[in-house]
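Input: one structure, supplied below.
Letters A, B, C and D mark the chains as written, and numbering starts fresh at 1 in each.
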């Protein structure tokens, strides 16, 4: 085995261990450790990705001295390595971009705790991405939930605490259902490792045994993960949680945490149940309908919103609807479109959050639209970045959002029964997106007589501006250079099976 | 209905407990009771798992007198999973209780809807 | 070679306009594009005030729980749907359970080769008499590593929530100033009966906890349950004798270092065993004779580490809830 | 043994239901504590002594203690006592009034 194969294990372990180390370090050192760890994990994932593209095969890695059905395993393929790399990039940029506003209303002595949470969140995301064992996935889902809750409520204003309680209640309902589904699955197959479960499930389907429990178990796991990733009817906690937490938290939560659960769901669909078996159930129709409803209702709520951060948060609900709609189509093309949308949404949403903080900063800290009038002139870089993000969200060519909408439309054409609904809702949702994002863009570029707020130039916010440029570049790379990435996703999904 | 409902009475009890806990978590207005409901829900899942590992007439999986025969012991896997699960649920309930304390100190209420109304009135 | 442009020519280029716009010096449209003269936006203060008042009034009406019929109706609907959902879930689960393999039977999917190997060769491969301990700390150790970090991250969040910190000037933070630091002042102190009973019980409880930890690989128990028992003993001691006594041997610093050392030991030990396992190297850790206290490789030290973490964490939870720090 | 298990499970359900309907928070926490205790007995019946020890130490011990501290912090224990006192005084008042008349 090549030394590179150790990298997934190293990246999980380093980030776990750095969480422990940060607990004894002062703030500055903890910050340095955090940055180094994220960068190191990113580099390792990049090397691993290149290696895997070279060999073209996925590999499993024993966690211990025992082979497959007895020990614990992690598994790495192209899609996993790519996801890990992408998560690291987004996390690094979000942390750097929000750094100057990180500790708004956070007590000074608790700053180093923030970095512990970030490290543990990273490790749990990596474990969710790489794991090949269902129960390990459950344990790391819990770490993910608790550290996300910590990220929400570290800024202790009343709203965030309330949002954290709502978030915890919803998440715990979700974990309960997920665990119950997992237990039923364990009872039917007698295994916990994904590949072994898949073999047993195929055997059960072939023999026609235990059909009802199998369907119920899959449904429970799906509902659990949908609740945790804030699919439409379960999104009540989301606007407050994203809208009032510190900006890095909001960017990380919206672009990474919910995506981690969605990635786990993809893994379950492919590696535990089997894509064809999953598509032959009625679950995908339910996912499809809820996805469509989420797309419309999320956008409608965003239009009504009066507060820029909450508006962006509601737009996340709509975007998660897109992803589930892709699952619901039940074809390979729909799945590829969903995975691409995960990437594009993560890149765009964190860009929007980071840019929004730049805009509110020059408006006296207020996030009401009325105060944001003309903010695009006062903070040009944030204005440009926000415009770019909005264009990407609406789906203008050159930006990543366009490609994902194109992929969704292409996928929809191949599906008989769902084509019309998908295309109509896609159209409506694009118009709604355009309404609320363009409204904001026009608002921040409206002329204003009010000059009481200070202007901010490049010198005052170098890091912030550079991060924004990187985000825009990432968006454009995803938008212009989409074909290799789509190929990579297809290759990765093929490795899953 | 399948054939095994009466044999699986333990699991049936676990399912009923799970639903009671679930209902508590959804419907109780009081946060403390919500947390108790959450704990009941978790315990129900663990009961379900432990029932899965039980085999009639065998003993606990601790090797006695050097006998390492499969026929002698029950299945050890569910016990291990439940042990892990209990730790998770303790941490979660401690976290929820601390959130409750913090909310109460600030808003003097344990009802989430009431707190939300207060928040919206004062914060807009 | 490009010629250096004269200043006037440069002033006409796009780049100059773009950068001057970026620097905030001028509006590129001003004077270049024919525009309708626009009035500058001026919020009318009276109108603004009226809007806000209306907004308030609407909010008051909407969130007036008692007199709002729509909200009441929504609540009823929500309750009815949740009850229906739960009943449906219960029916679904009961039907599912009726189709599951029978409890207590020896032949069913769960009792496959995995459990068989754990029982048959667990003693030989892990050295632990307690098969469950061998399983969670050796065969499936990655789960347990995650589990101890769940506990760690929960403590961190509780610290964030409840620790009362002072800023550099020594003033309590305005964000947490409404918290009551110590609720023990309202209680009767130095209860003679409680102290007497505690001084009998606490040593026994703690010794029992240590026994459970050290015996984790030989009988029922292990790091987690033993740690919880020790934590309970510490809490009893704290209740009987107050924070003054416990702070002499247990402060936040102690907690921090114990947690750090135990968790790092755990992480490093397990990394070693994962690394050697995955690369098919031979592990140098001896297994010992099964049944002896010093046996079963890493399981005993890991149990001790987990026990320390859990005991400290439980005590930390209690102290944090009680007085916001320790 | 089966009969004993069924009795224990019945107790579990009774505890869970009465937690939901009890008005006093202190009572519900106490009932939850007994729920954990019954659970740990049930685990002995199911041949899992590890779980029994853990549940007894954690469910009936630590978690309940944390619940009590929380109740103390949010003044639920005192409030309950006060309410009872108030009720008692209200009950007493008309009687006293009757005597006076």
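Annotations
To be clear about the criterion, a contact is a pair of C-beta atoms (placed from the backbone, for glycine too) under 8 Å apart; a residue touches a chain by one contact, two chains touch by 3 or more.
Note that this is a predicted model, so its numbers are computed, not measured.
Two chain pairs, A-C and B-D, are weighed by contacting C-beta pairs, with A-C ahead. A straight line joining the Cα centres of chain A and chain C is 20 Å long. The distance from the centre of chain B to the centre of chain D, with each centre set as the mean of the Cα atoms, comes to 17 Å. In whole angstrom, the spacing between the mean C-alpha positions of chain A and chain D is 41. One simple way to say how far apart two chains are is to compare their mean CA positions; for chain C and chain D this gives 26 Å. Counting only residues that touch two or more partner chains, chain D has 48-50, 54, 58, 62, 66, 70, 73. Taken residue by residue, chain B touches two or more other chains at 2, 9-10, 16, 18, 21-23, 26, 51-54, 60, 62, 77-79, 81, 83-84, 86, 88, 90-92, 94-95, 97, 99-102, 105-106, whereas all remaining positions touch fewer. Chain contacts: chain A has residues 135, 139, 142, 146, 149, 153, 156, 180, 186-187, 212 touching two or more partner chains. Listed by label, the pairs of touching chains are A-B, A-C, B-C, B-D, C-D.
In the complex of the two chains, the chain B residues touching chain A come out as 2, 18, 21-22, 25-26, 31, 34, 38, 41-42, 45, 48-49, 52, 77, 81, 84-85, 88, 91-92, 95-96, 99-100, 102-103, 106-107, 112, 115-116, 119, 123. Listed in rising order, the residues of chain D touching chain C in the complex are 48-50, 52-54, 57-58, 61-62, 65-66, 69-70, 72-73.
Only residues 130, 132-133, 183, 212, 219-222, 224-225, 228-229, 231-232, 235, 314, 317-318, 321-322 of chain C touch chain D when the two sit together in their complex. Chain contact summary for the complex, chain B toward chain C: residues 1-5, 7-12, 15-16, 18-19, 22-23, 26-27, 51-56, 60-63, 68-73, 75-81, 83-84, 86-88, 90-92, 94-95, 97-99, 101-102, 105-106, 113-114, 117, 120-121, 124. Within the complex, the chain A residues that touch chain C are 1, 5-6, 9, 13, 16-17, 19-21, 23-24, 61-66, 69-72, 74, 105, 107-110, 113, 116-117, 120, 123, 127, 133, 135-136, 139-140, 142-143, 146-147, 149-150, 153-154, 156-157, 180, 184, 186-191, 200, 210, 212-213, 216-217, 370, 373, 377-378, 380, 446-450, 455, 457-458.
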